[in-house]
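All chains are identified by letter, namely A, B and C, in their written order; residue positions are counted from 1 within each chain.
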Amino acid sequence: MDSRRSTQLIRRTIALLYVGVLVLVPLVVVTWKTVSPGPSAFWKAISSDQAVTAFRLTAEIALASVALNAVFGVGLGLLITRYRFPGRRLLSALADLPLSVSPIVVGLALVLVYGPVDGWFGSTLDSAGIKIIFSLPGMILATTFVSFPLVLREVVPVLAEEGIEQEQAARVLGASAWQRFLRITLPIIRPALLYGIVLSLARSIGEYGAVLVVSGNVSGADQTQTVPLLVGERVQQLEPGAFQLAFLLIVVTVLVIVLVFLRRRENESKHSEPPAVVLDDLALSAADPAPTALALDRAASNDAASNDVALDSVAPNKGGLR
Amino acid sequence: MSTVVEPATAASPARTRAARDASGAARLGAGSGLGLGVAVLWLSLLVLIPLAAVVSRGFSGGWSGFWDNITDPSAVRALRLTVVSSLLVAAINAVMGTLLAWVLVRDTFPGKRLVDVIIDIPFALPTIVAGLVLLAVYGTDSPVGIHLLGTQRAIVLGLLFVTLPFSVRAVQPVLMALDREVEQAAACLGASPFTTFRRVVLPLLLPAIASGATLAFARAMGEYGSVLLISGGLSRTKVSSMYAYQKIENFDFPAAAATATVLLAVSLLVIVGLDQLQRAAARRG
Amino acid sequence: MKPWRLWRRGAPLIAAGAALALAVTACGGSDDSSDAGASSGAGPNAGQSVAIVGYSVPKPVYDALQDAFLKTDAGKGVKFSETFGASGTESKAVASGQKADFVTFSLDPDMTRLVPKFVAESWNSDSTRGQISNSVVVIAVRKGNPLHITGWDDLIKPGVKIVTPDPASSGSAKWNILAAYTHTLAEGGTDAQAQDYLTSFFKNVVSKPASGADATTTFTQGTGDVLISYENEAIGAKQKGVDLDYVIPKESFLIENPAAITVSSSAAAKAFLAYAKSDEGQAIFASKGFRPTDKNATIGTVQGANDPSKPFPTVEKLTTITDLGGWSKVNKEFFDADNGIVTKIENASG
């Protein structure tokens, strides 16, 4: 018994040390570097014209990107789970693709298509006076790209499991498609949708690499610097105020995580099944086709019993003891 | 009797063929067809066409042009650094992630919930903030006296920082749903805790561990903002994303696109690999 | 329903609402922000905008120039925007469509790339041949000069780690390399000896950041023992509080930076260029560590210089680009992507 206790303690210590050194120490250092120059330096850093414009830009881009992803996320989710058509599985896999693409590659990809000089569409658009790269629309595209599947991945599992019967009943009773959506589907997916929106918002606020490439990093009257870009510039130009802005972004991140955490705990107590992975959903640069692919699998196999991947993979391995 | 079909009920073949299949999915009508068209158009304009442009520009000099760009010594060095660091990070995540998940699921101590929340932070941070954070702690002004600026260790450290939760979050749910009876049976039969872990628990966790490690690998391959500052501008700490950015800055798009194509190929392989892993996990038992 | 459950339900909505509120507040804030840029008077150029695109190091001086210009009659009400980066990169960006009214680069070739499509052919037909500021190449060292660097030959000693930008994108890099190369010639050496020196030099280079400003940042954050840079950048760094010293070597190279307005620019841009070249403007350049183009200009004290009262000592052996036959010749001979002397040496040292 004693050795078991001590292994438990050792494990705990190693785990805590790892997390502490990797995460806590840096956060403490940054907080200290933010507050030690004092409150007036803090105020100056976040209230300068450049900073205020950066806040505004970030908010505009994030809201536009989240709105686009919510609309297309729900739309695609409905199409994938409620209809059958050739290429459905391919579409679902392609929709997951953006999560695993490097942000620099995202920026390059958009410049190659929408750039004003050589872009596939960009040169024509530019002569029509529509500026995408080096301008707000390009930044919105870049941010929308990197957070594209976040809402989709949240609503698809819910859509695949729930609401089908109610929708069909409503259909029989004569409700139009729009009414069915508003009255039945939307309330059912609302928690998942909001959750996906919060994730998408966090991602959109914090994007750096992709926006850096498409924006041209302009400050002043035609500023194209978002808050993360401004942090980067202040560091590179040895100007003060980088830590203060970064600190604000950290605070926003922590708020989002706490919200997500609370939402998951609520679902957990509601459904009394193992909580789905919290940050599985925030997998920002990696693909995890689990929600969409498995949802399709489940729908196809009619297997209402095996509701949860975790349970499936946990069935005892009978040969394990030898 | 009506066209309403419950998912678990097999109606007569004639009826199921009518409008909906057994799972309730319908064939496309006019409205939904249009919706699909719009969705596909959006996906193409936003994602598919731009990524195709990258591959196209990468091969704009034909296979020889692509090959020349890929085999450029700096490109090779950057790719080697990126792959080695990402593999290392995936491996470390596999081990530490499992350990962390174990502690979070099986252990109780004050502050456990706090640890659970903290784990998600570095990954959700804007990448440039993560980079600044690393520079503050491990740069030349390090308040803890650790100076790692411009070292490959620093790159690995940065990548570990942003990929911290991947394995943990993949393993956690599986561990939670584990049926303790088998472990207890093993203990009754005289197996040591380690043997129980090795022969009973670990095989069940392996798909989740692998999937978490793969996610970490994919994120690490493409990471930019968090390793930018700590790299110190040295060529030995330039990862592929930084190399591609440098080429973009110099308006050498074919070279940038060639490296980007390689990174994209890795992303695609990861997606396919993960898909296979998840299907294998779902089919078990 | 328990209150905390209600809270959890509503939390995402609150988050969305907070984001919206932030956007609205920020929108309100930005109206105030334009006051800093515009004064209430109605100057002749009020309301016009000037987009400055420049090489990486002169941001501090252009910030100061803007502040001063906005107080003049010609500058009242003008709106400025700016982007600074590696000289080559910014030049190519403008050539690719980045908006610019006022452009300034580290060296002439980055300007001539834009002629005649973006910059008029007559850009350098004025009294200063289109140049707006001068400088010299210096060697920046850690505070106290712990390695006792006195000149170029100390740099090729084993173990000395040099930071100098990448000539593929940076203008500063080219000036640095030319200075390193020609110092041998200035001492009576041959071209072969100069190339040998450059080879040893590159063996000691540990970092090649994309721009002059990036190089300063890289050096400041702890990489390397010496930084090769503009004199004005070393002074500027000291003005920002960076802990470094700089050595003006016996042999150096005269740096000349061009500036011009683009063909699509406003009258405000033209006025700004005139202001920058005026005595007032040049005094601001001097205060930030740039050597004025007019040799007879009066120079006050310059904080950050080795000797603030005599900030710009004469360099004993100063080579100029004219001595080497002009930039077209030099660019081809030294920096041609396939056959340039420097390209070959760089590739050899890996």
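Convention: a contact is a pair of C-beta atoms (placed from the backbone, for glycine too) under 8 Å apart; a residue touches a chain by one contact, two chains touch by 3 or more.
Keep in mind that what you see is a predicted model, and the values were worked out from it rather than measured.
The chain with its CA mean position farthest from that of chain A is C. The greater number of contacting C-beta pairs, out of the two interfaces A-C and A-B, is seen for A-B. A separation of 40 Å divides the Cα centre of chain B from that of chain C.
Put simply, the C-alpha centre of chain A and that of chain C have 38 angstrom between them.
Each chain gets one centre point, the mean of its Cα atoms, and the points for chain A and chain B are 13 Å apart.
The set of chain C residues that touch two or more partner chains comprises 85, 96, 214. Shared interface positions of chain B, defined as residues touching 2 or more other chains, are 135, 229.
In chain A, the residues that touch at least two other chains are 118, 235, 256.
Those residues of chain A that touch chain B in the shared complex are 4, 7-8, 11-12, 14-16, 18-19, 22-27, 29-30, 32-33, 72, 75-76, 78-79, 81-85, 91, 93-98, 100-114, 118, 120, 141, 144-145, 148, 164-165, 168-169, 172, 177, 202, 205-209, 212-213, 227-229, 231-232, 235, 242-243, 246, 249-250, 253-254, 256-258, 260-261, 274-280, 282-290, 293-294, 297, 299-300, 302, 304, 308-317, 320-321. Taken together, the chain C residues at the contact with chain B in this complex read 85-86, 88-89, 92, 96, 163, 166, 168-169, 206-210, 214-215, 218, 221-223, 350.
Chain C meets chain A in the complex at residues 5, 8-9, 11-13, 15-16, 19-20, 22-23, 26-27, 29-30, 33-34, 36-37, 49, 51-52, 59, 79-83, 85, 93, 95-99, 213-214, 216-217, 220, 237, 240, 242.
If you check the complex, the residues on chain B that touch chain C are 73, 135, 139-140, 147, 149-150, 229, 232-235, 246, 249-251. Contact residues on chain A toward chain C in their complex (touch as defined above): 49, 52-53, 55-56, 59-60, 62-63, 115-118, 126, 133-134, 194-195, 197-198, 201, 216-223, 235-239, 255-256, 259, 262-263, 266.
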